[in-house]
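Heads up, there are several structures right after this.
One chain, chain A, links the two complexes that follow: it is found with chain B in the first and with chain C in the second.
And now, the complex of A and B:
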């Protein structure tokens, strides 16, 4: 691994709910290296999107609250960065490809309106009305940005971009909308791309196209990418290294191929067994659901669902240890002294 | 669908709606209890006089014939004789309607000018002190009776402080401005009649404020709810995450989508101010259509009732048409769908 561009250290995030404090992210560590694509896999509700929102500083606070940790982007701690600096980074340093393309574009504006405003105003904290119209009425400048947008749309393989720009979001297909969103996330030439399940809402053939496109773009523009998904199979196609997340904790990290061939954590093996395969008729799911975040299990959070659990799992939280080179796992089964 | 087609279709819908309103109002007015002729002539009038008046008003004919005669008269700009003013109802409407229209215009302007910014701020700063304040104000606004507010205003500003006139549209010593639109504020401004403008402005402020409180509160509540609903929507998160400045998001992107439900009530509120302001008009002796209409009902002045109701209906239809026009702008899905 090269030196990390993004480094999450001991991050803990909780939410104030009616029942009490929900400790959703429980002290996670995560690194994304320069020009590296890293996968973050976990089932729905395990805290993947919360992690992303915390990185970008768009987590609604309250009810959210960061209780511990650091998020380093280069040498800057995003959690303590002044808003002005954070605004400069959004879109230009770190950008986001959202989850559900069809609801991620404002339905009452044309693509052009949203894209243009975003491209022209990226990096600023405040825009006064006068300043806004002055810049917008400057034909030459606007024309330049439109040209840049069109080039970007061609890069994500949108046919006839001039016409598509005049469309409203409801006139687009899911795949088109996701391509446009990718173009939006790339317009500020960021160094790190955060992809929040960008293919979940799409059908399988479009899914494949989008993944190929993302992979190509990341390689061409030397981008780093944190790719979030609940689908291990998708991760294999795009990422080299993968983090497995369960109930707000990282339980395993390693090379994708190695994790597929030799999963260490019982949860990871469960996930792999749950993947549909041509040679097998029945899937084997994992029984149970994600635990209550207000009163999570004291020890390993996976313990109530784990087939290999014993009494010590109940009270003792396992730490991440390197079992093989660059393959870490947090499980009693691999703890020292066993 | 093009915008023009959309408007044309809305405009065509106008005709059947208007016709239905007229049929309904006409039949209902003829079914009112009490004989208008007897009410007009008093309890001691002899039978022969009453039947003569019934004959001259056309009340002895069958109801569908009466309706056809009414339609024919309407095309000639006549709505029949008012038993109260002894003039044609059409003349009365032309005289009284602009006063109510002006009042509604001013109070809606106040309601929107205050309600829209307050609603936005309240929604964005949810659960901050300004939000709590605006919620208290809007709760007060929807629950306080308008006539009570009107009376309190008169007591405080006109009686104790003596800085505002008590009643009427314009000061008694000042001749009304030349009749152009019938709206004193506009007419006096166009003719540069400054004393008339100042006087009519002073007269309109208190009734306009008392009428604006409830629409204002409704606008605030709806807009606040819209902003809160949309401010965490994926399309807001997406632009925020990719670096669009927050104030631009709030005032352009969040506002437009949150304003749609507000738009649809603005038309209704406007029309309802005109049609239902009779209590406030009575308190301020405002010579408007509401006061005229309520008198007409009290004295069973059936031609006036029909006239006022139709005018109110047309006001509702036009206000909704204007709203539909803006709707097409605010929500493209409606225009094309």
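And now, the complex of A and C:
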């Protein structure tokens, strides 16, 4: 693996709720290498989006609270970086592709208005009104930026970009809106792209187009990507390395194909068994539900649902160990050297 | 075919007028469902797949009488059920039930689970109050929710999978013969989805049900159904046995749809047809493309496809397809 561009070290995030402290992210470690696309897979409520928000520094604090750990982007710790510095990084160092394309665009402004503001103001923490209009009314400067935007829209394969720029979001289809959001996230030429389930709201044929596009863009512009999804098939298409997350813990990490062919952690194999496959093999779900984060199981968080759990799982938290080369798993079954 | 199909849909058309302006002048129509015919035998499981806006849900609603068809007819056990009066429709609803897509919004948040399930019995005046309550508990057991814990819970206290189980119990309490499932698992996680799908298969056997299963997820439909209909922009383009559709898809759209399934193993990938990716996205049902509606995205489209709508071609007993490519053979 090349030296990581993003490195999450022992991160723990909790939320203050009426019931008590919900320990949502439980000491996770995650690396994204230079020019690498990494998948982060988990079901609803496992803390994928919280991880992402913590990286970007947009987690509402309070009720959220980072209780432990570091997030290193290059050599900067994002958790202790002053807001001004963080603003410079957002969009230009790290960028985000949000989940629901049509909800993420403002319905009352044209694409051009939204895109232009963003492209001209990226990296600034606060914009005074005078400053805003001074820059906006500068025709020469604006035209330059519009040109840049149009090249970007061509890059994401939007036909007739000049016309699309005058559209309001409701005039766009889901796939088009997602392409525009991808263009918006790329306008600051970031080094790391965080993709939060960018294809969940789309149809499969459009999903295929978007994934092919993202792959091409990542390759062409030497991007690193952290791709968050709950869809295992999509992960296989886009990422080489994958982290499997369950209830705020990373349970398995390794090469996508290796993990999907031979899952080691009982949760991963449960997840794969639950998928309806086109070979028409039998599929079975996993019993139970995700644990309560206020009083999570003391040991392995998967223990109450695990078919191969025993007494020692109850109290002892398994650590990540390397079972094969670059294949890590956090489970008692492999710790005892069985 | 000698046997009368349980549900027979013939040349169904559902158009919605678009009104605009102060005088509400009709300015156009949305051709949501255009000339769709298929039938389901008793005990069958017909899967309807297609992308968003292909008219799947409109068909479901028309069958249940929520939406009135513009033309064409729907027959249940040989009897025409489109355009029924309210009284006969009410009698029919106990034979046909629907499970909706988004359970969070289809369960009344101010009613307890017990009341939600019981209301159907109240409306149809079945049994005494005590009998109704017993029936509700029995139904909850069928969907594997212990009644003592769940009868007096509100929907807000339930997880996605539990809500879906309540919706299933509510649909089955009238002992219907046909159940229309409109994307029953699209809001659920895979580990829960598998549980619900297996439960649905089990209940189908137990109650001798007939399902119309609507989904956009082809891998789910392939696993659940015996017959599959593929829809594109309000039209059926291919109908066939699910094994047949998977192994031998004929319509370019079906092939594209199957090849776009995100699979997880090499074994599955080898089954997928290798096709060029589709251009663009599904069109608009207001001004649908002329001729074959798929021709604007079809990698093999010829001039003829834009002019005339292809006819159905019979491949084998169950498998029919609507495409000029096939007609050439």
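In the analysis below, the second predicted complex is superposed on the first by the 333 of 338 C-alpha atoms of A that agree within 3 Å, B and C clash if a C-alpha of one lies under 4 Å from a C-alpha of the other, contacts with A are read in each partner's own complex, and residues count from 1 in each chain.
Just so we're on the same page, a residue touches a chain if its C-beta (ideal position, glycine included) is under 8 Å from a C-beta of that chain, and two chains touch if they have at least 3 such contacts.
Keep in mind that this is a model prediction, so the values were computed, not measured.
Trainee: Once both complexes are superposed via chain A, do chain B and chain C end up clashing or fitting?
Mentor: Once chain A is superposed (C-alpha atoms), there is room for both chain B and chain C without a clash.
Trainee: Is A:103 in contact with chain B, with chain C, with both, or with neither (first, second, both, neither)?
Mentor: first
Trainee: Of the partners chain B and chain C, which touch A:258 in the superposed model: first, second, both, neither?
Mentor: neither
Trainee: Go through the superposed model and pick first if A:118 touches only chain B, second if only chain C, both, or neither.
Mentor: So A:118 only meets chain B here.
Trainee: A:34 contacts which: chain B (first), chain C (second), both, neither?
Mentor: After superposing on A, A:34 lies clear of both chain B and chain C.
Trainee: Identify the partner contact of A:92: answer first if only chain B is touched, second if only chain C is, both if each is, neither if none is.
Mentor: In the superposition, A:92 contacts chain B only.
Trainee: So in the superposed three-chain picture, is A:21 touching just chain B, just chain C, both, or none of them (first/second/both/neither)?
Mentor: neither
Trainee: Report, in whole Å, the shortest distance between any C-alpha atom of chain B and any C-alpha atom of chain C after the two complexes are superposed.
Mentor: In this superposition, no C-alpha atom of chain B lies closer than 6 Å to one of chain C.
Trainee: In the superposed view, which residues of chain A touch chain B and also chain C?
Mentor: none
Trainee: Residues of chain A touching chain C in their complex?
Mentor: 43-44, 173-176, 203-209, 212, 230-234, 236-237, 257, 260-261, 270-280, 283-286, 289
Trainee: Using the touch rule from the top, collect the residues of chain C that touch chain A in their complex.
Mentor: 51-52, 159-161, 189-198, 216-220, 222-224, 246, 256-268, 271-272, 277-278, 281-282
Trainee: What part of chain B is in contact with chain A in the complex they form?
Mentor: Touch residues, chain B against chain A: 232-248, 251-253, 256-257, 260, 330-333, 336.
Trainee: Using the touch definition from the top, list the residues of chain A that touch chain B in their complex.
Mentor: Per the stated touch rule, the residues are 53, 56, 58, 60, 87, 90-92, 95-96, 98-100, 103-110, 114, 117-118, 121-127, 129, 132, 168, 170, 181, 184-185, 187-188, 194.
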